[in-house]
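This is the structure I have questions about; it appears just below.
As written, the chain order gives the labels A, B, C and D, with residue 1 at the start of each chain.
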Amino acid sequence: MGRYVIRRLLQFIPTVLGTMFLLHYITSLAIQFSGNPVRALFGDRTPPPALLQAITERLGYGDPCLDRKGDPCLWRAAEDGGGLLGSGYELGLFFDRLHGIFFNFDFGINLRQQEVTDLVANAIPFTLKLLVIAIVFEAVVGIAAGVLAGLRGGSFLDYMVKISTVFVISVPIFVLGLVVREFVGVKFGNVLRGQDWIPDLISVGVFSPVFKPDYPLASLIIPGMVLGSVSLATTARLTRTSIMENVRADYVRTAKAKGLTNKRVIGVHTLRNSLIPVITFLGVDIGAAMAGAVVTETIFNVPGIGRLVTMSARTGESSVVIGVVTMLVLVVLLANLLVDILYAVLDPRIRYE
Amino acid sequence: MSDLTSAGTAVGGGPVGAGGPLPDQPATGGRERSASLWADARRQLVRDPVFVLSCLYILAVGSMAAFPKLWTGQDPRDCTTDRSRLSPGGEHVFGTDILGCDYYSHAIYGARPSMIIAIMATGTMIIIGGSLGLLAGYYGGWVDTIISRVMDVFLSLPFLLGAIVFLTVIKRQNEFTIAMVLFLLTWPVIARIIRGSVISSKDLDYVQAAKAVGARNGRVMFRHILPNAIAPMLVYATIVLGSFVAAEATLTYLGVGLQPPAQSWGIMISTHQVYFLEDPWLLLFPCGLLVGTVLSFILMGDALRDALDPKFR
Amino acid sequence: MTDVNVKMEALAGVDPNALPLQVKDLHVEFRTRNGIAHAVNGVSFDLRAGETRAILGESGCGKSVTAQAIMGILDSPPGFVTGGEILYRGVDLLKLPESERRKVRANRIAMIFQDALSALNPVFTVGFQLAELFRMHRGMSRQDAKARAVELLDLVKIPAARQRVNDYPHQFSGGMRQRVMIAMALALDPEVLIADEPTTALDVTVQAQIMALLAELQRERNMGLVLITHDMGVVADVADRISVMYAGRVIEEAGVDDIYASPAHPYTKGLLESIPRLDLKGQELSAIKGLPPALTNIPPGCAFNPRCRYTQEVCREDPVPPLYQVSPSRTAACHFWKEVKGDE
Amino acid sequence: MRGKFLKVAVAATATAMLATACGSGGDSDNAGQAGGTLRVYNAEPAFLTPSGGDDEPSLYVIRQLYRGLVKYNADTSAVEMDLAESVESADQKLWKIKIKSGYTFDNGEPVNADAFIRSWNYAAYGPNAQNNGYFMKRIVGVKDLQPEDPDGDGPKKAPEPATKELSGLKKVDDLTFTVELDAPFSGFPTTIGYPGFFPMAQACVDDIAKCNETPIGNGPYKMDGSWQHNVAINVVRSDSWKGEPGKPDRIEYRIFADVDGGYAAFQANELDVMYTLPPARYKEAKQQYGDRMFEMAGDSFTYVGFPTYNDDFKDKRIRQALSLSIDRQSIIDAVFDGRNAPATGFVAPSFEGARENVCQYCSKDVDKAKQLLAEAGGWPAGKKLILWANAGAGHDQWLQAVGDQIKAALDIDYELKVNLQFAEYLETADKKKFTGPFRLGWGPDYPFLETFLYPLYGTGAGSNNAGYSNAEVDALLKEGDAAESMQAAIPSYQKAEDILGEELPVIPMWWRKEGAVYSENVDQFVWNKVADADYGATSLKKN
């Protein structure tokens, strides 16, 4: 177990560095090819060059390598001519950024000169709540539907689950989100709000068409369900397949031959094995759900990470997009690592390899 | 679409190629077995109404993309603001959009970019991702280590976020760049499938036998190992085609996809989603076509997997 | 090990003097997309206490399905028992409600599977899987059940049982795993043990050890043993009586000595001839030509007729050959059993 | 002056046309009820400091937290003294400003001459990188605070400015100071009502980051808690404010990522005021909330500029012909649901001195267009007209309609070039690299018609993206700047506008109609022609 974890950790390091270099190179290319993003800050008005320059410096877009198209910004000519090992070069912007991230926890600032770490810190509680709701929703409903469908393979119920899940996968999530907001949040919500006997928590909170600061949790339930619905389909199908495979497994037959009750055969012997891939999926899905939050949060006005990324992408603030994505990628990688370890915990065959 | 990297598992079920296609096949008759596997699969597929319907739908959409003139004689660029947002009916079967362009011909012509993106991205993904997976699985060792680490790097980018990052940076959003971004973010999935499949089949006896009689690496890879990997790859590719069609729409909605005046379903949906309460058909028609296409691809993939995976017989 | 023998509760209608197991005219079919497969077509046999009955046949002849039907663990759908009776001490198991039938499993009739690696749940320790029996059927506490699990592992001669009880199945060698399987089957001291190819997956030396262990335990407990196998060698050593199956039917039933001395069905004869024998070194080994029929498409008449060298017109026509009484204690389903028997 | 620059930028980059408010004048002297909580729609502000905030969402908050020297009349947009006792000048170049005594910041610091000088210096100082530094451009000494980069965009950094103070600002006594301008400007008093000229406390300048999160204001409202980014900003009535008190006890700015989400919240009765509407919901809103909707012709200008530096567009007859082929109203009806007013001049209709039909070529007349085109020698055969707009903001739609109409009228085929993101698009504009007509917008800085003229058409002016240069226009603008009063300046500016109407360096397209809706809880909604929705003056019904 210990060795397994260490091996995974060692694999983790090049992945993180590789991912960060990828993101760094993309940002650099962006600036190299399409110019200074600070300019957009001034809109139709042309700013005095001095002001533009000052803001550019503040934002750290002043490195000369950003003027050379295609330069990966790995090295720069050392100012004193000596540089690393007398080569005349020293570590460039990429290493500055790495240093910033790992030693100072500095992911850069946005065009409004707010720290990306602060932006994320403000946004993350909302995204976390949303994610928890989404994952719980997709896990509970998805697994339940998957188990039912899997146990009765080929039945009407199975068919229903299959069709509805494929359908959910096919509808673009933004269409689903918009329809839910307008019909469930506004139309149906207004009907509820017109009824006095319905508690505010339900009518004003849960059925609020958009996130509401007064009901920080209740008003996230519906957005969370929309976010979860995409992976809900996946979870259900994965569970279904997994159950169908395991229900025929020899050890399930053994369990039956042991005279165990049906409940125990399914609940202990089948489910435990079937859920290993599902739980792994749910873990990996955290990353996907974060990405999905980009759409959901925009539609339901949840002030989380996803909305932050969308708004930054729309205004061309690549510094924020990159900063946030870098941070998210670190989170995703960490989550993947944990999932792998969890996998080893759940499946002893991996553990003792 | 939340994440294409999970779409395979999503739709397929277990990691499609994880255990190799036929883990229990007798060591010798691999080739014959796979031959009869394909024949069986074909027999089963033509009897499956879902598969046949899906195929027909895809064919229809494909012909819209390839030969739009077959479907409509109207020019989608013939617009006049005088007939903005007419309801469906009469001369304009699907009505007109806000600029007064015929919506039906718009929808027909809109099939092309969506299909081009999906096909180009999937094709590149299969060729490059497949080759890398083959190399990694076959040679193992440091080749495998390097390729696997690079795969990890790309897999660590959640699909939508990665696409947003790449496309905000590229800023030239056309069919080609979008397809390339989709490819970049998804090739590791297919590479993984192939790699797993190759690893599980390279120790099979008939492969060892081929090596023992001195077959060259290339021949062993392509004649003996690759055929085993084709079934799971085909299943995944079909499903991913659908996901890419949906992804195009989502990216467009987020403002990083195709840009007007290009015509695609994604653009039609995201331009008109704001009108869906007033003039729902503006959203309904492109959305219906899109959902139908995605649905068909996924159902096709499902049927293929059921047919090709003996476990589900 | 006497306290293991406490039965949970009496099964209504049990006649202690009746045979522990009687199978009468059992029919099982599988309803698949490609048609109905007739896996078992009227199998009958008896089993006395302490007796070992071997069921012999090629893979796909329906012997494992018969075993599963007896245990009531057929995958259903697609498998369905469509006729016959399975009597445990006079009680027809097929007529029992599931909740009653469940109590028969492991308590009175237990089963050992072929591939212990896949038959043991990979994610639980063997201790858990053994203890589970005592917890569920005997209502023991976890601790007591665990202690019993250790005793069982000792019983099947697994060294260092106390430590190994916490190991997972994949940490055991093949032979050890099969011992675990046996321990699991014997845990509740059943009267009938069905062993489905218990040694097929094992090395020859290990095979012998396992068979010896089984035989020893059977003797100690006076259990009836149904040994399902395709291995004539194994049968010769341990079996008392043999039922030979082909295409879902018993085509010959006899004491072990009779069969080996003079088979009365061409199929049995073929099987025997295909065993390499040291005393016939140098001669060509004769194998049965062709393949067994697909169960969805069994030929009319005698199912064996396409492969049989005694085939005549009558064999190709329905009805199938009846079981001819070859001697008071043996039957064979061949129109020409006399010729077969005499033709050495 | 009202910063609509970024409003345009936001509109261009965020959602499609993010309309600002609409409204008619509720009048402020007919006092409604006081009290209650007013919940209003807002987007995420950029900054909550007067020196930094120049976008619409910021200004909506800043205007309630801070107050400046002058304010604007809600109905007439005339300049009225607010914190200033007087703003006077003999030569329109040296202005003397006297401040009323007794006003303080929330933290007790006095609002005196230093407070203004401090704030303006802070904004102007280049290294502070304050957006509103731009507005100090007329004050003497601003060049010393914003030095030029010696090698353009190159690796060398701009030198550290020698001084941190504008030499044109002089304190006379505690409550009096003088402002010296580079050149005479008669409109100066209108400019200082813009939030960029509001005062800042010393404590605020000392820790600007903290002050941005929890502003130390001097206005009728003060912060309740600090800025909850992307969620809400809450303000309550301030006790230290000596002027006319705000009506609601509390104003809650709910922050939305896009206007559609905000509208959904409004429909669910979670908001009392939406100062803008999603374009696509305009019809529906009008139907549903007709009696609670304000509409007003606004002052956001959309135009299609000509690259006059490009040979194809040097001949004014070509420019006139293209303008004549466009039917503005039909595009407005189709694409905007009628939410714009066709432009026939270059100055917002609501401005004093604005006239109709300054542009003779701004209504559709295909025959005349063809004739003018023929006179100019026709359009180069086979050459496509390239129409430019920035990507992702929905401009492509109406521009496509423009192209369709030009094609129909003059048989000139067109091509849309709409794939540049806003930053890159603006850079293309700055570098004068457009190859065809381009879409841009403009919002006024202050309620004085000059704001629509010099910045866009003055030779070498910052936002003269058409590259237009006309000595006569320049002279007339200067004449207006030096006029002895704002009234006296108007005729000169009008003459300049007349020349533009003939020369057509840009095609005026339309003025956006502002539209706002408010809930049943609102008793009297107040819309200020310059400062837009005035939440402090809006009263709520008593429950």
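Observations on the structure shown:
Heads up, the rule we're going with is that a contact is a pair of C-beta atoms (placed from the backbone, for glycine too) under 8 Å apart; a residue touches a chain by one contact, two chains touch by 3 or more.
Protein identities per chain, from UniProt: A = Dipeptide-transport integral membrane protein ABC transporter DppB; B = Peptide ABC transporter permease; C = ABC transporter ATP-binding protein; D = Peptide ABC transporter DppA.
It should be emphasised that the depicted structure is a prediction, and the values quoted were computed from it without experimental measurement.
The minimum number of touch steps linking chain C to chain D (Peptide ABC transporter DppA) comes to 2.
Of the two chain pairs examined here, B-D and A-B, the one linked by more C-beta pairs in contact is A-B. Spacing of chain B relative to chain D (Peptide ABC transporter DppA), judged by their CA centroids, is 47 angstrom.
Centre-to-centre, using mean CA coordinates, chain A is 22 Å away from chain B. In this assembly, the C-alpha centroid of chain A lies 38 Å from the C-alpha centroid of chain D (Peptide ABC transporter DppA).
A separation of 54 Å divides the Cα centre of chain A from that of chain C.
Within chain D (Peptide ABC transporter DppA), the positions touching two or more other chains are listed as 392, 421, 424. The set of chain B residues that touch two or more partner chains comprises 168, 171, 255, 277.
Residue positions of chain A touching 2 or more other chains, listed in rising order: 34, 182, 298, 310, 314, 316.
For chain A in complex with chain C, the touching residues are 248-251, 253-262, 264, 269, 272-273, 276, 346-349, 352. Against chain B, in their complex, chain A makes its touches with residues 11, 14-15, 18-19, 22-23, 26-27, 29-30, 33-34, 162, 166-167, 169-175, 178-179, 182, 230-231, 233-234, 237-238, 240-242, 244-245, 277, 281, 284-285, 287-292, 294-295, 298, 309-310, 313-314, 316, 318, 321-322, 325, 328-329, 332-333, 336. Residues 79-82, 84-85, 98-100, 168, 171-174, 255, 259-261, 271, 274-275, 277-278 of chain B touch chain D (Peptide ABC transporter DppA) in their complex. Residues 5-6, 8-10, 12-14, 44, 46-47, 126-129, 131, 133-134, 137, 146-149, 152-155, 157-158, 228-232, 254-258, 261-262, 264-265, 267-270, 392, 421-424, 426-427, 429-430, 440-443, 455, 462-463 of chain D (Peptide ABC transporter DppA) touch chain A in their complex. Per the touch definition, chain B reaches chain A in the complex via residues 1-3, 5-7, 9-15, 149-150, 152-154, 156-162, 164-166, 168-169, 171, 242-243, 246, 249-250, 253-256, 269-270, 273, 276-277, 283, 287, 290-291, 294-295, 298-299, 302, 311-312.
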